[in-house]
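Look at the two complexes coming up: chain A is in both, with chain B in one and chain C in the other.
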Partner chain A sequence: MNGYGGNILRVNLTTGGITREATPPELARDYLGGRGFGIYFLLKEVPRGADPLGPENKLIVSPGPLSGMLAAGGGKCDWTCKAPLTGGYASASMGGHFTAELKYAGLDSIILEGVSSKPVYVFIDDKKSELRDAAEYWGQGAVDVEKELKDKFGEEFQIAVIGPAGEKAVSFAHINHDFGRQAGRGGVGAVMGSKNVKAIVVRGTRSVPVADLDAYRKAGMALYKACKEAEGLKEWTSYGTTIVVSWCDEAGALPTRNFSAGSFEDAKTLYGPYMREKIVVTDKGCFGCPCPCGKYSKVKKYNAYAEGPEYETIGLLGSNVGISDIEAVAYANLLCDNLGIDTISAGNVIGWAMECYEKGILTKQDTGGLDLKFGNIDATFKLIEMIAKKEGLGALLADGVKKASQKIGKGSEKFAIQVKGMEQSGYATHNATSMLLAYMTCDVGAHHNRAWAITYDIQVGREKVVPEKVARVIWLQNFRPMFDVLGACRLQWVELGIDRELYIPLLESITGIKRSWEDLEKVGERIWNLTRLYWVRENADFGRAWDMPPARFYTEAPTSGTTKGQITKFEDVNRLLDMYYEQRGWDSNGLPIPETMEKLGIKQEMVA
Partner chain B sequence: MPAILRLSGSLKDVTGGKSEYTVEAGRSVRAVLESLGIVPLTVALVVVNGEQHTKDYIIQDGDAVRVLAVVGGG
Partner chain C sequence: MRLYVDSKKCSGCNACRVACSLSVFGENNPKKASLVIEPHFPAPGEYIVRVCTQCGECAAVCPTEAIKQDAQGAYYVDFAECNLCEACVPVCPEGVMFVRTELANTAWKCTSCGDCVAVCGTSALWLAEVETETA
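Let's turn to the complex of A and B:
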């Protein structure tokens, strides 16, 4: 099948059986790949009400038709499962080189199911697939084990591996790869750990069939050429995602002290150019990327090398916890990577704990003696370790900020910055109504990458609540996640402004099927509705209340920074949802109506 | 010799797709952006003749000004 590996690898960890099944052509036609395959298998194979950490949950990793191909940025794969963090849908995108090896091993998905009776890793070398004993790696850091496995098997093998936090089922444990790329959000690492799987090791050497080789070469090179000639390539490559730190600070979007403000008075030492000069030693790219945005840093103060930090980590483990020392942020990043926890959720939940401490809701008795004030670097390092090991206060925080605040109470729920149980990522949304709506309605919880709409707020007026803003969010939600379906990075389009039409002939040359962006957006809309219906299926009370934003954004205005005194009114929050549901074809409680499902070709039995 | 100002990425959406402008010296980049209907805060970087400047840079004759949109949310 053109553009595909042609096989689904099913790994039954309970029995130890591994089988290869042919990828159904209609699955490729209707769901394309990546997160499309993920939601298909999740709905079809994971029974309603499955325990996210039990044997019935499945972990599905899938490249897409652009993965591993002559496609600038074709280095992404999707990890889907029922989320331990939220009890709903998890879909985490991971860059690096893993996805290409999956494809070259002839795989369009790996489905991990059941539970192994002992720690194992999955070893794949082309058609050879087996489970191997992982006892010697259990308990070790993710970055450390990746190096050991690389040393053992060689550079050609790519490795996805969890840290101790995944083994201990921390609800926001991640899967690490390429010494600092992650499938970060929702607790996908905890699901892998719950199955007693430490790692997946893969090498592939097979070719991938394409429909039209000449057209493929031409379209692939056109995309590369556009990237290399793009305005801003030099700056983007120099700073990567940190290019946006100074802008967020100026715009009031930089999460500061648990999102109580959007500007940080000490932010200048977190800005991209400062970091580049101070700690960055080299650039680092994912598979097939002509504009590498990753950074590798030497952290002299802590005698370590660290990947990143990326913008999100700077925002959450920097300004959000009151830290302005870029070396400390880089080291906190390394701790999280090696221990196996998502830096976004970690920085968010630590920021919440610091606010609790400063308000007297948590005391030194609760923190195990830590002086948990904003800006305390050593306390931050210690708390990261306590979370990963579920020790003391860390055990509470390991369940995520929603559950932690429900247990602690005393008004702390109001400053738990989460939606649907997922900690909000790196953009403060004071008086930024499009971005607020994007977080409220994101299909995994409060994550930014489905619809990054904050500049639209600024261009048309931050406080405005108008149908055009809602339409913009919906269009972004239908369109942007298609990159996670295709198995490609969206940053070439996002950051370099590459014409998205360049992907159309490339996709056709690979698969032999002509699709316009209008066609692809319909696929995106269908998947968006399927993920919504998954939440409905798994949560009896799912509805409007689940889409409400953190109370902070409609009850408290920042007292400093660019957004000082600015707030979104509660009635505007509801107006946003009313308009969103109407434009989506959902009822007033946020559930897709039968006519919408019919229009999108979603049958009731698919989501029952 | 007039200066050339070039817009990147989503900034072109505001100008109806036009990305290159000939501008007179003596005005700030900020003022030029505002005259084009672009809110300056949607701009991440201003690069003049290969060097970064602020939006308050006063454009000189012969400058090559590149204005990069704020982008993020990977």
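Let's turn to the complex of A and C:
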């Protein structure tokens, strides 16, 4: 099948049986790939009410039709499962070189199902696939194991691996790859760990067929040419996502001391140019990327090498915990990578614990003697380790900020910065109503990448609550995740301003099917509704209350920084949701109405 | 003309290797590329890129004279005449002469076509005249 590996690899860990099934052409036609395949298999194969950490849950990793191709940024794969962190939908995008390798091994998805009786890793070398004993790697760090497996099998093999946190089912455990790329959010690493799978090792040497070779080379070259000629290429590539640290700081969007403010008085030493000068040793690109945002650093102070840190980690494990030392942030990043936890959730939940400590809700007795004040670097390092190992206070925090705050109580729920149980990522939204709505309605919880609408807030007036803002969020949510479906990165479009029409002839030349962006956005809208219906299916009381933002953003204005004194009105939160539901074709409780489902070709039995 | 590289600028993305396999074989398969990227991680955190210098050592030892020179002076493999003897592989000083029979029924090498240069976003690769040593 043109543009595809052609096979689904089903790994039954309970029986040890591995089968290759032909990828159904209609699946490729209707869901395209990536997170489209993920939600298809999740709805179809994981029974309602499945325990996220039990044998019924499945972990599905899928490249897309642009993965591994002459497509600028075709280095993304999607990891889908039921989320241990939220009890809803998890879809984590991972860059690096793993997705291309899956494609060359002839794979469009790997479905991990059941539970192995002992630690194993999945070994795939083209058509050969088997489970191998992972006893010697169990308990070891993700970065360390990747290095061992690379040394054992060679550079041609790509490896996705969990750390100890995934083994111990930390609810925001991640999957690590390429020494610092992650499938980060929702606890996908805990699901892999619950199945007793330490790693997936893959090599593929097959050529990927395309529909029209000449048109493909021409379209691929045109996309690269546009990227290379883009005005912002040099600056973007120099700093990657850290380019926005200063912008966010100035805009009042940089999460600071558990999102109590959006500007950090000591942020200058976290800014991109400072970091580049101080610690970066090389750019580190995902597969096929002409504008690599990945930075790789030598952290002299801690005698270590670390990927990044990128913006999110700087925001959450820097300013959000009151740390301004970029080397400390980079080292915290490495600790999280090796232990196997998501830096976003980690920095968020540690920020919450620090606020609890400073308010006297948690005491030194609770923290195991740690002086958990904002800015305490050693305490942050220690707490990361305690979370990953579920020791002491770390065991509480390992369940995520929502559950931890419900357990501790004493008003701490009000400053638990989460939606649907997922810790909010790196944008403070006291006064940025599009971005706030994007977080409220994001399909995995409070994550930014579906609709990065904060620049639109600045453009049209951040406090405004108007239908245009809602329409913008919806458009972004339908459009941007299509990159996760296609198996490519969106940043060439976002950051270099590449004309998205360049992808159209490329996709057609690869798959042989002509699709416009209008067609693709319809697929995106359909997937958005399917994921919404997954939440509905899994949670009897799912509805409007699940879309409410962290109370902080409508109750407590920052006392410093750009957004000092600014806040979103509670009535505006509800107005945003009313408009959003109406424009989406959902009822006032946020559930898709039958007409909307019919329009999108979603049959009740698909989501029952 | 030959290919030059500044490894310090390489980010390891492999776009060059996809473009190369498309140019040499008309296939999307970087395992069939004519240049090599060696990542060195986690330490010291660098990519080393090896490219063909068009030195001609491969052609000099080829018993079937399958490795020929084009009008621009670049050596290329005439696939029809390669007998897979592998004599060319060990003599390549850069390690970029390839015989992998599980992948292709011929030896292959860089033809200095420049497609890799066209897709390299960090400008790590470029084409220029072969520098000749002066006495």
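Assume the second predicted complex is superposed on the first by the 608 of 608 C-alpha atoms of A that agree within 3 Å, B and C clash if a C-alpha of one lies under 4 Å from a C-alpha of the other, contacts with A are read in each partner's own complex, and residues count from 1 in each chain.
One rule holds for everything that comes next: a contact is a pair of C-beta atoms (placed from the backbone, for glycine too) under 8 Å apart; a residue touches a chain by one contact, two chains touch by 3 or more.
Please read these numbers as outputs of a predicted model, since none were measured by experiment.
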| query | Between chain B (first) and chain C (second), which does A:217 come into contact with in this model arrangement: first, second, both, or neither? | reply | second
Mind working out whether A:206 is in touch with chain B, chain C, both or neither, as first, second, both or neither?
second
Counting residues of chain A touched by each of chain B and chain C, the higher count belongs to C
Check your understanding: Is A:69 touching the first partner chain B, the second partner chain C, both, or neither of them?
Key -> second
Q.
Output check: A:228 vs chain B and chain C. Expected answer is one of first, second, both, neither. What do you get?
A. second
Which of chain B and chain C A:489 touches, first, second, both or neither | first
Is A:311 touching anything from chain B or chain C once the two structures are fitted on A? First, second, both or neither. first
The chain C residues in contact with chain A across the complex are 8-9, 11-15, 18-19, 21-22, 25-32, 38-39, 41-47, 102-103, 115, 118-122
Listed in rising order, chain B residues that touch chain A in their complex are 6, 8-10, 12, 14, 38-39, 41-42, 44-45, 47, 52, 66, 68-74
The answer for chain A against chain C in the complex is residues 68-70, 72, 75, 97, 100, 104, 143, 147, 155-156, 178-179, 205-210, 213, 216-217, 220-221, 224-225, 227-228, 233, 237, 281-292, 294, 296-298, 305
As the complex stands, chain A meets chain B at residues 230-232, 235, 241, 243-244, 247-248, 250-251, 273, 311, 427, 448-449, 451-452, 454-455, 458-459, 489-491, 494-497
